[in-house]
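Have a look at the structure below before the remarks.
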């Protein structure tokens, strides 16, 4: 399955980037620098989506004691953290020409930064606990607490200040973004999702092999190869 | 017809750090019995006891108390369980009486504190902070907890550590009393116990 | 068969922790001293301009309170974990979440309360007007228990670890953000002569949410740390 997914991702990525960087018309206010949203926005979406995934699979692992769910949960964390970091970096790259500074204390950038801290906490906690199963449970509890908190944090930060331009895509009924710009954006979002699936599968495989060292089914598979 | 077992373990397994300590462990204990768990160091005795107390989840299998699984009983199970582990679970800065009072406040009292202390030979230490007690005295105090609360299942991890011969003998007689009243004691011990053989059931854990 | 009373258990836990703290009363000063010192550092760092100090004072006091509360959090379950009494507390017929709430309450009385009481003094040092001090007082009163309750989750997660200190801070601080924002927002609004009831309602809501919700994950995390 992996090669197929990789091919799919590359195709989507290529189309998305081409469509976004070449085909889409330049923004009448922002010129060409808006094109960074083709990386920034999907990365930001993914950062939140993956946190949700982490919490949901963590909850599944916690309640039904399913090992695979625990593994999915913890393997998601570093991927999510990277997307968050990517969103932050591209955000500040975009901010430089737009706002004239690398960093502005606006609501969504700050929320994203706090999200990164939450990811770092999850990763730190997992690495600090030696026993894998215990660590997974700890991470699941933390992720759930985080999920309950994210809306509160988001809302409070929103309230605290907003310099950022309003959301332009979530209003699906009448998007304030041109369709030629929108399609590559959505394609990029799907490409990022597929990338997440690939990275997740690879990481889970690794983790699973490490945890199940010495299990009989694993030896059998290895011998076949 | 056989009587229904009071406490039952079905197919217990414990995995620690990717190592299987034991698996497929079954036992049944009736009221009036002592279950002695034997085995060399590292064979999983303490892990087994912690599973029996519900502090640790078994990796496989289930525990049944009075016909209901421990998972379903949840907090109710602890109305019946008293545990003395490696650590005594006493606050150094509280006096002997304060410590026992706290234990009683979270359970159902049986003997009065003075009576309990007399039975473990600590009468006269009521107001002494724990930090001034010797290791053996602390252990006896931890065991006095069992006498001062009303619990049917005693789970004891090496209860006789740092006790002298006379204290061990004394305490074994209390275990006999407890069991004779229909209770259960599950314990590990390196010492040979002087408990009468007909009430003792043994389990051997092999590494 | 009589079940032991839950209220009785709650009160015994609180009483026990208060007695224990009283026996070590010298240590009670530490978070307080830390709080005052951090606040003192700011004028030294940004200069003694009265106008500037008055403007940043609520934020400074709140950040210092947050750090002081974080610092004292680590002790919440540590000694009980080390001497085994935490195990016994888990093994009672009472819901663990209620006992957790009792421990957090005692902890807040010992660490949060003194901070609140000394705040008017610090506020005077920053020349804050008296009605703003009132609002600052209320926000601390509503906010510091939330800090303790949220912190308890992270403490319970890290209590079994030898090097829990820095990790604890990383886990807890992002979760403290809303409290900080609303509290300092309320004080700022009060200083500007604006109504603050909105922020105060939000903080009350957070307090009640924290009281009802946080003991569950804390209890689950403690069980996990013990197994």
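Letters are used for the chains, namely A, B and C, taken in the order the chains are written, and counting of residues starts over at 1 for each.
We adopt the following convention: contacts are C-beta pairs under 8 Å (C-beta built on N, C-alpha and C of every residue); 3 or more make two chains touch, one makes a residue touch a chain.
Given the structure is predicted, the values throughout are model-derived calculations rather than measurements.
Relative to the whole-protein C-alpha centroid, the nearest chain centroid is that of C. When each chain is reduced to the average of its Cα atoms, B sits farthest from subunit C.
With centres defined as mean CA coordinates, subunit C is found 32 Å away from subunit A. The distance from the centre of subunit A to the centre of subunit B, each centre being the mean of the chain's C-alpha atoms, comes to 49 Å. Rounded to whole angstrom, the centroid-to-centroid distance between subunit B and subunit C, based on C-alpha atoms, equals 37 Å. Counting partners per residue, subunit C has 227 as the residues that reach two or more other chains. Only residues 114, 117-118, 120-121, 124-125, 128-129, 134, 137-138, 141-142, 144-146, 148-149, 152-153, 155-157, 159-160 of subunit A touch subunit C when the two sit together in their complex. Residues 1-4, 8-9, 12, 16, 19-20, 23-24, 79, 82-85, 87-96, 223, 226-227 of subunit C are the ones that touch subunit B when the two sit in their complex. Only residues 50, 53-57, 75-76, 78-79, 81, 83, 85-94, 98, 101-103, 105-108 of subunit B touch subunit C when the two sit together in their complex. Against subunit A, the residues of subunit C that register as touching in their complex are 153-154, 157-158, 160-161, 163-164, 167, 170-171, 173-175, 177-178, 181-182, 185, 202, 206, 213, 217, 220-221, 224-225, 227.
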